[in-house]
Structure formats: structure tokens, C-alpha cells
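Here is the structure we will look at, set down as C-alpha cells.
Labels for the chains are A, B, C, D, E and F, by order of writing; each one numbers its residues from 1.
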Amino acid sequence: VERFTKEKWQDSHVPGVVTGLAWTAVGGEILYVESSLSKGIGKLTLTGNLGDVMKESAVLALEYIKSNCKEFGINEKVFDQKNIHVHVPEGAIPKDGPSAGITMATALMSAFTGRKVKKRIAMTGEITLRGKVLPVGGIKEKILAAKRAGIKEIILSNSNLKDVAEIKDMYIEGLEFHYVNTIKETLDHVLV
Amino acid sequence: VERFTKEKWQDSHVPGVVTGLAWTAVGGEILYVESSLSKGIGKLTLTGNLGDVMKESAVLALEYIKSNCKEFGINEKVFDQKNIHVHVPEGAIPKDGPSAGITMATALMSAFTGRKVKKRIAMTGEITLRGKVLPVGGIKEKILAAKRAGIKEIILSNSNLKDVAEIKDMYIEGLEFHYVNTIKETLDHVLV
Amino acid sequence: VERFTKEKWQDSHVPGVVTGLAWTAVGGEILYVESSLSKGIGKLTLTGNLGDVMKESAVLALEYIKSNCKEFGINEKVFDQKNIHVHVPEGAIPKDGPSAGITMATALMSAFTGRKVKKRIAMTGEITLRGKVLPVGGIKEKILAAKRAGIKEIILSNSNLKDVAEIKDMYIEGLEFHYVNTIKETLDHVLV
Amino acid sequence: VERFTKEKWQDSHVPGVVTGLAWTAVGGEILYVESSLSKGIGKLTLTGNLGDVMKESAVLALEYIKSNCKEFGINEKVFDQKNIHVHVPEGAIPKDGPSAGITMATALMSAFTGRKVKKRIAMTGEITLRGKVLPVGGIKEKILAAKRAGIKEIILSNSNLKDVAEIKDMYIEGLEFHYVNTIKETLDHVLV
Amino acid sequence: VERFTKEKWQDSHVPGVVTGLAWTAVGGEILYVESSLSKGIGKLTLTGNLGDVMKESAVLALEYIKSNCKEFGINEKVFDQKNIHVHVPEGAIPKDGPSAGITMATALMSAFTGRKVKKRIAMTGEITLRGKVLPVGGIKEKILAAKRAGIKEIILSNSNLKDVAEIKDMYIEGLEFHYVNTIKETLDHVLV
Amino acid sequence: VERFTKEKWQDSHVPGVVTGLAWTAVGGEILYVESSLSKGIGKLTLTGNLGDVMKESAVLALEYIKSNCKEFGINEKVFDQKNIHVHVPEGAIPKDGPSAGITMATALMSAFTGRKVKKRIAMTGEITLRGKVLPVGGIKEKILAAKRAGIKEIILSNSNLKDVAEIKDMYIEGLEFHYVNTIKETLDHVLV
């Protein structure tokens, strides 16, 4: 019963923070996935009132990065020497589903490499262990929420192209779409 | 079915104790977040009949402090050598929601630095991993409870300013408000 | 469906056993909090069909003692070298709520110091991490149970004074009340 | 829906097996508490479809023995070098309640000392951490079950004497009762 | 909603596989208990959609073997150097109850000793920690299932003799019954 | 409430990915089982919103490979030095049942040996610890889904032959079936 306001996109100026698009009972929403590292032993901590499936997305994103660390220039020792925390703010709202996978992978990669994320960019997509980006639902509502928040560019799975094609032009004016097949393409485009 | 009395603010004269504002079924309430350190291995223990989301706030507050310990002059070895206990008294009342985040962050920082908290100051606000303070609900009820308890100053998220603006002057007479965007601003203002 | 008799207070002649006052569906009851130490690694074991909140009271009591061990002359090595067991007899009765906090703190302190508890003394009160004793409910029923069991002296939170004031004289004849603000005051009064 | 027959008492010829009296939905029953040691690290394993309260009785019995091992001539190293298994046969029947405490303490003590238990003896009683034996319910039904099974001697809490006094002579003919206040008295009487 | 066919007994030619008789909602069934060892640290893994009570049977069987390893010529070091896996195929069917105890004990003993099990033999019976074999229910349905599957010999608890006596001759023609009191008798008869 | 499209089979060009056939509330589906290894200590992580029984299949597949590693030329040290992740994409769909056993065993073996899987091949079958492949249900719906997705060859348990025999020719035109009794036969046929 606590009230929340629809928020505008906020620049966080630090690595590890990525904007996602979620589909909740009250319509589309932007959400931030925050990740940070601290001295530790490789433990992953998840907060933000996340459901089982969303928690699995974070585990999956971390495993993808671990298995492919050489390709991304990350020293695999870091996985033993840092604890990793992933938080999705607005803890009063339960959050679930697989569509934050791409956002979590990007947030973790940003934290591990220290590279920031481009501004006013948001994304939604399920990921797989082999690094594919799968289509997700609620595309129209998510795009409306992104526009309302001041987002300029949106990353989607190639397989969601047909969902964007069905949306009236007036709703997507001023938005640029970037379609990807893999996590790798996403990171190449998004990390500064 | 045990009865409780509405209590007046009490000075605890020790670091690690911070006054929060909660919103329960019976209206606004002040609550104390107590934290203490003992010889240990870095384990965090939470007591006080806390719900999942409130427990997550404590985890989140601790992770924020760990990730930013250098900025606050805390030696990171302390996180391996002390156990940390956070307790929210009045165990008969279940407590949940994210709005004690700012109170928990302040209590932990007070315990780690040994700096006491200013007197007759209370606070409410959700925190994020990157250190933002988000708005929370129930502002009017919380302010009434603070006043009733003898609180003189209240810390809120900048985004809760509009909620205070809607409250009649008579209810907030004698109270000073301090609006913050970040945990850092809160600590600068509150720790002695 | 097993039957139990209302029992008389029994002297146990050993440290670590303290008489508490509980408030159950069938009225006030005396209960014993027993604690013992054995060779170990610092593990706390709780038995007696205790609810979550009562279990938390034991954790809280132990943390309070750990954080303040120097003040009580307890060598902090003991916390790594002993296992601690807390039991509340009459396992057929589920027990919950925060009001055994003061009893648990006293039982643990008695076990750690080897000091026995005064005879025919009972107590009820919630504790906090900073060592306060908070008021609890059901005072009248608890006092009747204590009297029936042959208790001579009762420890209560200072804030429960008003509850005793409302009870008719005939019910409290022969009982001595001792009001406390802190765990420390309790221990000073109760441990022999 | 599997059928079971009311069984006669069976001699097991080995230490660690003790006969208890239980009170189930279908009336009184004898049950065996079996315990065995194997090379290990001090882990306690419980089987037999036991409820939470009955599991706690085994933990409690073990803690009592650990805390008082010197008095019983048990080398405390054994608690680190053996695993302990407690099983209550007839796994199709859920079993709960505190009244097997005395039986579990006796079975464990028999296993640790290698001393066998007297024949055709059965017992029922809750135990406490300080070694008291508390009265339990269902005494009449338990005595009938013991007689039916060929038991000759029954151990009860002193406080259950009044329950036996209310039973007609014809039901207890040929049974010898032994009333105890403590686990120590029980063991002195029961272990060969 | 996946369909299964009533299967014929299959020879597995390897140690560690034993045929049991189960009683499910759709009548009697044969089931296989498979066990295997791999390099490890003594961990027991259970799969096959097993209920709590059936899981306990495997724990119990393993504890029995550990406690009596010398008698069976098993070096106790193996329990620290191997992981043990017990699987009951046909994962779509939930399985529970204590009657697979004898089958699990036999499968484990076969795996630990490397001795195979006699062909076309099946068994059902609860076990206890002291090595007794207790009677179980559903004997008639289990025998019909065994016959249908081509089983030639059946191991039962001595106390199930009366249940076999009540079955018409035509149903048990061609089957040989072997009645046991203990796990030891079972193993002597069944392991090659 | 997120929408998904029926997907076409996709080549992943890497070891560790295998195509399975599942039977869900909306008919047959192809699913991918992905597995990957990363530096670790032998921990198995499972993601993809999997039910208990499907999780057990992965445990079972891994135990089968561990117990038979020599036969497959896998050095058993790898099980201590790598963490293993198994993921089944499309996290919005709960997945359960034993029929992915064969797919999981193949994916893990592909990951451990580095051998890729033949293209356009899919499989369904329960596995057992001794390496058998058991029949599963929903064969007709699974075959239709495989054909729709562009699969050319399907691996089934020998005991599912009769289910294929009942399907009209027009539905299985262009598909090649390979019937197996064991995991070993499957791997010999499927791994390149």
C-alpha cells in the first residue's frame, strides 16, 4: 500500500547499472539492474524481491560470463576474489520472469570490466547459456514505458522485430531500435 | 494479543542505533534499527520478526557499505573479522517493506565507524545498490508518528517532497525536513 | 491431547536455568529456560517447539552477550569453543513471542558465568540489541501464574509498572516487584 | 493403507535399542528407539517419519549427554569421531510429541556406553536439558499397550504417579512401575 | 499424463540393481532400485521422485551397512572415498513408504561388495536400524505384479507369512517364497 | 502472460547443446538443453524454471557419467575442477518430468568430451542409473513438434517403437527414427 511514482530515466554515472524494461500488473515499467563487486569469495547475492525465475536469470548471466571470460578479457581469478551483488530497486514490487536476462548480463559485464553503459538505452530479452537472446512478451507496453521515461534507444531480440512492426508509428517516434541475436552483440553495442 | 504502548523517542547514547519511520496496520510508528558488531567472520544476523523484503534491505545496506568502504574510511578487513547483528525491536509486530533501507544503512555505518547519530532525528526511504534514496509511501502517517514521539528532524528522499507539501502546516509545525538523493548525503547530515 | 498439570516452581540447583512467565491460550504459565554448554564450535541449538520470534530472542540474547562480553568478564574465546543449547521444556506446547527475551539472556549469562540465579524469582520482558528491556503484554495473567507456582519476586520492564498498578492488591500480595530498564540491571539483581 | 499388526515385545540383544510407549490415533503402542554409531564427525541422523517435536527430543537427549559426559564416564572425543543415527521403526506411521525423550536418552546412552538395556522394560516421559523427567499424557492407553506386548516393567515420571493411581487394578496386574525424577535415575535403573 | 507400460523383469547384469515390489494407486508394481558408486566424499544422492519416508529408507540402509561394515567385510574407508547414488527409475511416478527398505539395503550392499543379485528375485519389507525386516502391506497386489513381470522368487518378512497364506493357490503358482527376519538373512540368500 | 513463438531448430555450433522434445499443456515442443563448464569445484547449477523431477534427471545424468567416466575416456579429475551448468531456455515455461534425461546425459557428455552433437537430431527418454533408456509418453505430440521445427532424426527408447507404429505415415514422412536401449548407444549415434 505504499505509493510510487512513474520515474524518469536517471543517469547513474557508474559502471554496473543497466536499464531494463519490465511488464508488471500495472503495465510496462522501466527498472534498473544494479550490480556491484566487493572483496569476497565469489558469492552471488540477489536482492529486490525477485521471483525464482528472475533469480535464475542472474545465475545464468554469471555462468555465461564465467564460461566465456577469456573472450571478454576478464581474468578468471576475479570470480574467486570478489562477491557479486545484483539488486533491482523498488523492493515493494515483486518481480519475476526471464526477460531481465539480457539486462543482468549487461550489468554484470559492466561491473566486471569497469566499462559504463551508453546513456538513455534500455533492453529486454531472455538469455540462454550459449549466449543467445530470445524474444519476450509485453513488447508494446514496455516500449510505451521506455518512451515515457525518456529512453532513446531499445535493445530487443531479433525475434521480437515482428512485435515492433505491429505497433503504430506514433508510439515509437523518436525511439531507435537495435535487434540482436546474442549477448555478445548486445555488449558490443551497449558498453562504452 | 500482547498490548504495546506508543513510545516516546529514547536516547540510546551508543553508536549503531537509528530511528526509522514505519507504516503499519495501526498507522505510523517509530521504530529503532539497532546494529552491533562482535568478534566473528563476517556473518550478518537479522532479528525482529522481519519480512523477506526488509531482510533484503539490510543485506543491500551492508553490500553498499562494503563496495564503497574506502570512500567512508572503513578498513575492508573489518568485514571478515566481525559478525554484524541488526535487530528491530518489538518482535511481536511483523515488519516488512523496503522503507527501512536508509535507516539500516545509517545504523550499520554508525556501528562500523563508531560515530553516533544526531538526536531526535528519524528517517524513511528505500535505498539502491548504487546509493540512491528512493521515495516511499505512508509519509503523512509516518510524520504524525514522528511528531507524537518527540522527533525534531526528518530525513526523506527528495522525491517525497511533494508528499510533505500536501500535508497541512499544523501537522508539521516544529519539524525540520531534510531531503536527500543519496545515502552519502544522509550520512553526512546525520552522523556526528 | 496429552494432559499436563500446572506445576509448582522447582529449584534446579544449577546455573543456566531461569524461570520465565508466558502467556498462552490457557492463561498465564511459568516456563523454564534451560541453557547448557558443551565442547563445540560456537553453534547455538534451540529446542522446545519454539516459534520463529522466540527463536530470534535466543539469537538476540546471545549476540548481546557476545557484543558486551568484556563488561561481564567473559573471555570471548568461549564463544568459539563451546556449543550452546537453549531448551524450553513442555515440548507439547508451541511457544512464541518476544517476551522470553529477558529470561533467555539471563539463562545464557548464568551458563557462561557459572553464576546461579536467585530462588523463586521469575521474569518477563522483550530485549533489544542495545540491552533495553521492553514492556510486554499479559502481565496480569502472568502474575497470577507466578503466584500459583510459589514465585516470590518478579522482574518486569519499567514500562510495565502501569500494568501492575491496575491489578487488585489481593492478587499481588506476597509478591515483590523489581522494575528494570536494561538487561544489565536484571543480571545485577538476579545472578547470585 | 498398508496394514500392520500389533507386535509383541522383541529382544534385540544389542545395545542402543530401547522400548518406548507412544500414544497414536489408534491407541497406545509400543515403539522401539534404535540408535547406532558409525565412524564419522558427530552428525546426528534421524529417521522414522518423525515430527519436529520428536526430532527435537533426540537433539535434546544428545545435548544432555554431551553436557554431562564426564559424569557418565564417556570420553568427549567420541562426539567428534562417531556419527549417531536414531531410528524409530514403522516408517508408515508419523510420530510426534515430546514423550519419547526418556527413551531416546536411554537409547543414546546405551549406544555410547555399550551397556544393554534390561529386558521387557518400557518407558515414556519428556526430558529437559537439566535432566528432569516430566509427566506426559495418555498413560492409561500406553500401559494397556505395554501389557498387551508382554512388557513387565514401566518407567514413568514421578508426576505421572497420580495417573497410574486412577487405573483399575485389573489393567496393571503383573506390571511393575518405577517412578523417576531424572534421566540419571532412569539410566541407573535401566542399563545393565 | 505420460503413459507407461507394465514392464517385464529385465536382467541388468551389474551389481547394485535390485528388484523391489511397490504398491501404488494403480495396483502392485515391480520397481528397480539402482545404486552406483563414484569417486567422492561419502555423499548420498537420491533420485526418482521419492517421498520423505522412502528417502529415509535409503539413509537407514546406508547407516545399517556403515554400522555393521566389519561383519560384511567392507573396509570403512570406502564410505569416505565414494559418493553413493540411489535411483528408482520411472521418475513420473511419485514413490513413498517404508517398504523399499530391504531392496535399498540389498542394492547398496551389492554395490559396496561388487556381488551381483540372483536373477528373477524380488523383495519387499521395511527395515530397522538393528537390521530387522518388518512386515509391510499390499502383499497380494505386489505378488500379482511380480508374477506378471516374470519374477520366480520373492523375499518377505516372516511376519508377512500370514498374508501369503490368505492368497489363493492359483495366484502364487510357480512362485517360491523366502521368509526372513533380518537384513543379514536376506543378503545371505540373495547376493551371488 | 508473455507470448512465445514456436521456434525453428537452430544450429548452435558448440558442444554442450542438445535438442530435446517436451510435452507441455499447449502440445509438443522442442527444447534445448544447454550445458557449459567453468573453472570450479564440481558444483552442478540448474536453471530454466525446472521442476523437481527434471532437476533429478540432471543429477542422475551427471552421476551416470561420473560412475562410467573411464569407459568414455573422461579423466575423473575434471569433476573436481569444473563447475557444471545446465540450462533449459524459455524460463517463462515451467518444465518437469523425467523425459529430458537422455537429452541431459547427451548435453553433459558433449560438454565433457568437447564433441559436438549431429545436426537436426532431437531426442526424448527417461534414463536410469544403470544407463537404460526408458519409454516416455506424449510421443505423437513430440514428433509433430519436431517435424514443425525442421528436425530430421529422432532418438527414442526401443520401448516407444509401438507408439511410433500407431502414428499415421503422413505425420512422420521425412523423419528418421533411431531406437535405443542405453545411453551408450545414444551417445555413439549422436556425438560427432
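The definition used in the following text is that a residue touches a chain if its C-beta (ideal position, glycine included) is under 8 Å from a C-beta of that chain, and two chains touch if they have at least 3 such contacts.
Keep in mind that this is a model prediction, so the values were computed, not measured.
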item: Starting at subunit A, fewest touch steps before arriving at subunit E; value: 2
item: Length of the shortest touching-chain route, subunit D through to subunit E; value: 1
item: Interface numbering overlap (same over half, different under half) for subunit C and subunit D; value: different
item: Chain centre separation in whole Å, for subunit F relative to subunit E (CA means); value: 29
item: Chain centre separation (subunit A, subunit D; CA means) in Å; value: 58
item: Set of subunit D residues in contact with two or more other chains; value: none
item: Ordered ring members, subunit A first, subunit B second; value: A, B, C, D, E, F
item: Residues on subunit A engaged by subunit F in the complex (per definition of touch); value: 23, 52-53, 56-57, 59-60, 63-64, 66-67, 69, 76, 79, 97-99, 101, 126, 128-130, 132, 134-138, 159
item: Subunit B contact footprint on subunit A (complex, rising order); value: 1-5, 7, 10, 12, 14, 16-17, 32, 34-39, 45, 47-49, 83, 85-87, 89-92
